[in-house]
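Each of the two complexes below includes subunit A, the first together with subunit B, the second together with subunit C.
And then the complex of A and B:
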């Protein structure tokens, strides 16, 4: 594709730029610094700060370069006495009512206004009047607000509207009395905190980090989020072995998410240094007894001898090895190697609720990246609720629709919030997601599919019409509700739906930060899955080693299983239902304490970097496995080096061939795993299986008609979010405190009852 | 209040003095709805636009943009609906002509809008009235109901294929909503902030559709243009400023009121001293703000004996501009420092807060005025004010910043003595 190139002259320098380029970007790319506050790439233009003024020949006044589209022959001056006076004047105006007490402001040291005042401000303060004053206040448990520091760039209101689709904050009042505020005085939103992130001054502040540290005291470490499968890049700010905050500010990190994070990524980190972290290895010397603290050597020796004797007595397959999809690739790889090469058991599994193996086995097209989603032309979403479970994907979908004009087709049994962005929302019966695959693959008549879904057949015709009209990328997203046969058929849809001018990409929506990595490391192809392993406890399975814990839904109805085991070893951060049955508990290090990699739902392998030393006596999961192997007489030979483990992954796992940590260094250029693309094949057997299942579907279930509340998944209290007091307030309905000037944590007592209610409500 | 047309036949003010002037019956008896009939019977939309172009009618809201040209910017082939919006957000201090016209002759506005809607192919049209003019909405709604009942509004107007509807809408009391793009934002239900131009409303206005926003007086001029023909209308005024202009005169004259003058009326001194009855209480003329608060203030010396012609070019030559025609006369009792402080407080109050220079600049200026007023004046304050105005002028997002700067700049420069006496050593007792 050739792009028209035009010539602009900036400060007497001729520059070739693509037609339609934005002047401010062209100037900056050409080395001419243009100051700005309100301009923010990929947000609606604002042109209100008036910092980016330039002189353009044949135009009467100074022009805001953020609003100017370059035209051929344009002659621009960005540096002159006139422009400098205007820019100094704007800084002077902005500082007029702004408190000049940077040393007590949380943003001091990384404040754009502060930097702008240094670079472009005047030396002398001419404003000698009284400043307008507003009291500091809280907008929510997460967001603190100091209105008088606001320069009204409105990045916050725009990200709230354009990124989040929530429109929870807006300006109130007028003129110099304009104040950014909420509707009703208390923020009722998903509490993503992106308004805090994009705020150039100390107006919107992280209420969980407030007055805890100064930015320059923090060591910034770029790492990958440990919550969902989107794999947002973040900067961990640590001081003295304590993780103080998480940000995605572009001065520290430039990942696939830009400055976006969700509530969990941004505020969900206090578990890392939480007092409830398991402090030492512990051994339960007899069933029903207490866990007694032990040294690492004793604990590992105890585990090794137990595993040895059980293997000898009941055979190698009596030992189950289980890993969490939250672990790094390095930990999962080593766990698999430990299971197959050392123990020699076929019974290894991941505590994930979804297994995407059939999908990847038949994958007919590459995975869509988040950038692909932003610029997609049509997005088909089958099941799932990305705005709660994969928030970055949700944001990309919203922007694709709002800013890119993409068409969004949703098949869902629940009227999720994202339907407001959809060009077509197909409200199906619960459990009928399979039928959507059948319809897209043409595996059944429209009348069967629509009857089972409980929709009009015209809806399906409309879907096909939209797909046929699509020129550009068609992205198919799906969650874990699809059966193995449906996943296989879906993975081959790319061959059916592609065209000369249409590319088909897939975007699976697994739940965990390393669900895809666990699959790539081979942990999902064991002989049995987690629930089968639990069901076999005490019979075929005698001992289990778990890195992580079983999910509550996996243990539900199997409460007795763990007690039936001869031996259970658990590597964990916190005591859980699983550790309460453990014979040995080993303290594992969290994502902030280790090096490694996660593989996200784009297939990007991204670095996890150590920000703080392991808390208490914890160790990285892979090192625990390594140490246990050594005790069992096998030296893996990785020493203390996670990169050595990764090098072996690159040799053993085909999609990771050639990768090395140095190649993954730049988070702004993430590297995609080369998942095997399966050739087109006959999928009639799979479609037959799906059709049979669809034919047997019950047509009686009522559709869900209530749109779930914002945060019904995000605010859920689980093992990690349980450690953040603010999450308990949110899970309890985010009550508005009596005074907005004091942190709600000091005003609202979370009684044991409220806490219990919160857990139930969130579950 | 004195009502008079001077130097021309009353066009805008033709019916305002009649009993029941706001009724359809009186309007029709006095030539009303003849223009729309002529348009529907014998003119194409292009004929109408050409006639308005020939009339040299310029927007009467303040900016003075040629109306016919504005109309011709609306893309004819656009598949989107088009809108005509009447800007009745008359908020410029010193201006009360639109209020008077709507109050006394609402059907004239309706007819003007019908003709504009026909010319531009608009089916839905709005009259956006400032919040403080709530009572005018009732008058307009009543007139619209009368017109609708008489087949002059709604489906198949006057039995032709032309259908169109007009709705009234009130603002919530913001001066900025008189700026056409802020008006459209407000009309859409959003905060009354101005929008970026381009795109101009003619291409992407109300609901991102082609829209023409015209002042009340602009639209009420249209029926007469159609009736007498564009050229005849133009000849009432000057070559570049056709027709007549309604001036709302306030301040220290013996006969304040609403005056209709031909464009190019000669001259301002005669207008003040004779037509408006001269300065009240036998005092001396000190200053004139001829076009609403946003224009340059003029010294008496720039008016007396200077033969200032009252049209766009003449007033610019005289050191000010027509603006909205809010003609404020001040006698020698007025302290220009005080009057400028008053105006600056208005602009500070009405700055929408969108852009930095206008929001912070007007706030700062008011604080300086207050400090001086409290006896804290400093010798360099006048220069500081001028510099702040310079930093606002031409750098704000919309013209409100300029409008706030101009009165201060002109007052400080043209009445330095009134400022000087407030500065050093003048602490009030």
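And then the complex of A and C:
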């Protein structure tokens, strides 16, 4: 598509710009710096700060460049005495009510108002009137608020509305008394904290990092989030070996998520330095005995001798190797190598609840990146709940609909919150997601599918109509509720639905940060999966080495399995259900303490960088595997270098060919893995399987009619979020404390444990 | 050169030198008999730091880290903390205070930049100059050593009055 080019003259310099370009962006790109507070390229226009004033010829007054679209022959002046006078006056007005409490303000040092006042502020304040005073308060356990510092740029309200679709925060009051606030004074939202991130002053602040450090004291390391599969880039702020806070990467640099982070990414980090971290390797010398601290050498020697004797006695296949989808690619690759090359067992698996192998084996089109989602024309979402489980994807969908005019079609048994953005919400019966694939692939009559889904036939016709009208990107998203046959059929849909002016892309919604990476590393290719391995414990499987822990849902109903094993080794951060049966527990290092890579649901390989030295005696998971291999007599030869492991991954795993750490350095240009694109093939067998399954589907289940609560997944207490005291408050329904001026942590006691954690968190 | 000339010249030199020494005996003495008598320090002398408290006994420091940022030898270490209690119960004047405030006198160069940087006038240079210790680790002074309410003050100095001409005795030299 060719764009019309027009000519603009800025400060006597002729510049060619595409038609429709925004003046402020053009000026900045051409090297003319224009100050602004309220302008935010990804949000609706506001023009309230009036800092970006420019003189445009033939216009009567100074104009706000953030609201001007360039027109042909426009003559603009960005620097003159008149403009500077206006800008200086604006800063003076902004500071009229802004308190001079920079020393106690957590934003001090990274405050946009400070910078602006430095460049455009006067030395003396001419206003002698009393400033408006509002006491500092807490809006939620996560968000602290100091209303008097507000300059009313309304970035927070726009972010809350446009990105999160929540409208939880809004400006109230009139004139000089306008303040940013919430409905009812208490923030009852998904607590993403993006309002904190975009706030140019210290009005909205991270309550978990309140008054703890100053930004220039923190060593910032760019890394990848360890929670969901979106793989947001973030900046870890550490001081003296302690992870103090997490913020998003600079919005101008970060290609994937801009300044977006969700509650888990932003506030879920205190587990890293938590006192409950396993400190040393521990050995249980006798079944039913206690775990006794040991040295690394002793523990590794103990594991090696046990594995040796079990392999000799019961054969190599009696040893199971289990990885976690939270580990880095390096750790998973080495674990697979350890299992197949060294132990020689077929029994290796990942503790993921979803297996996407059939989907990737039949993949007919590339994975959609989050940028593709933002500019997609039609999005089909089958099952899943991205706003809770993959918040960045949820945000991109919302923006695609709101700012890009995309059409969103949702097949879901639950009226998820995202349906408010949907152009068509198809409320299906629980478990009928497969039928959606069948309907899209045309493998059965509409009457069968709609009867099983419990919907009108016309709905399906409307879906097909929407897809056929689509010009641009069609993105199909799905979660793990699909069967293997349905996944294979879905992966081939791109060939059926594509057209000359329509591209089909896929966006799977796995649950863990490295679910895709585990698949790429081949950890899912084992002979059995995790539940089968647990069922075979004590019979076929005698010893298991787990990096991470089994999921609670995998252990449910199999509580006895782990006790039946002759030997269980666990690499973990915390004591879990799995470690309570372990014969050897090895302290593993968290994502903040290691180098490595994660692969997200875009297929982007992104760097995880070491921010702090390993806590206590912990070691990176791949180093533990490496050391164990050495004890068993095999030298992998990676030394201490994660990049050496990655080099081998690049050689062995086809999609990663040619990748090196230096190529992954720039997070503004993430690198996508080249997943093999399968050629079009006949999928009638798969459709037949799906159709049989759909035909046998029960038509009796009632549909869920209640919209799930905000945060029903986000605030869930799991091993890692359990270590954040504030999460307990949120999980308990985010009760409003008596006083808003003191952190709710100090006021609300849910249990003794929580109190103890609250004290630790307050430190 | 004969030995006699040598003796004569040496004797001459000794007498000349002793003449200078003897000429000083009747003059005014400016050696201070420290520690028997106190040293006079000037009002703007930069001795050991003092952390001040306000009229209610609250610590003035709000742990803004500006002193640590200004310090050229990086000898100031602070851990800030949130104090959720009511203003009457608080340790400091604000809800933000320094839980830990350490100055490493093994590194401090007494330049006074921290004092200039302080927006709350919480840190100043005191007059204590007796900082020698037997153990290098003891050069690290903690908040107790620095707070004006708890710092041990030496009796071995007096501060000159502002109109007192302390410099004059040196000028005689």
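We adopt the following convention: the second predicted complex is superposed on the first by the 746 of 763 C-alpha atoms of A that agree within 3 Å, B and C clash if a C-alpha of one lies under 4 Å from a C-alpha of the other, contacts with A are read in each partner's own complex, and residues count from 1 in each chain.
As a convention for this text, a contact is a pair of C-beta atoms (placed from the backbone, for glycine too) under 8 Å apart; a residue touches a chain by one contact, two chains touch by 3 or more.
Quick caveat: nothing in here was measured; it's all calculated off a predicted structure.
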Legend entry - Partner chain(s) touched by A:126 [first = subunit B, second = subunit C, both, neither]: first
Inset, instruction - Determine, under the contact definition given at the top, whether A:712 touches first (subunit B), second (subunit C), both, or neither. - result: neither
Inset, instruction - May I ask you to decide whether A:274 touches subunit B, subunit C, both, or neither, giving the answer as first, second, both or neither? - result: neither
Inset, instruction - Applying the touch criterion given at the start, work out whether A:50 contacts subunit B, subunit C, both or neither, answering first, second, both or neither. - result: first
Inset, instruction - Look at A:28 in the shared chain and tell me whether it touches subunit B only, subunit C only, both, or neither; answer first, second, both or neither. - result: neither
Inset, instruction - Classify the contacts of A:703 with the two partner chains as first (subunit B alone), second (subunit C alone), both, or neither. - result: neither
Inset, instruction - Check whether A:498 is in contact with subunit B, with subunit C, with both or with neither, and answer first, second, both or neither. - result: neither
Inset, instruction - For A:213, select first, second, both or neither according to whether it touches subunit B, subunit C, the two together, or no partner. - result: second
Legend entry - Common ground on subunit A, meaning residues reached by subunit C in one complex and by subunit B in the other: none
Legend entry - Complex interface listing, subunit A residues touching subunit B: 45, 47-51, 53, 61-62, 67, 85-86, 89-90, 92-94, 96-97, 126-127, 129-130, 132, 151-152, 170-171, 173-178
Legend entry - In the complex with subunit A, residue positions of subunit C that touch it: 62-66, 68-69, 80-82, 84, 94-96, 119-120
Legend entry - Interfacial residue positions of subunit A with respect to subunit C in the complex: 102-104, 108, 136, 210-214, 216-217, 742-743, 746, 762-763
Legend entry - For the subunit B and subunit A complex, residues of the former touching the latter: 174, 191, 196, 348-357, 359-364, 367-368, 371, 384, 391, 394-397
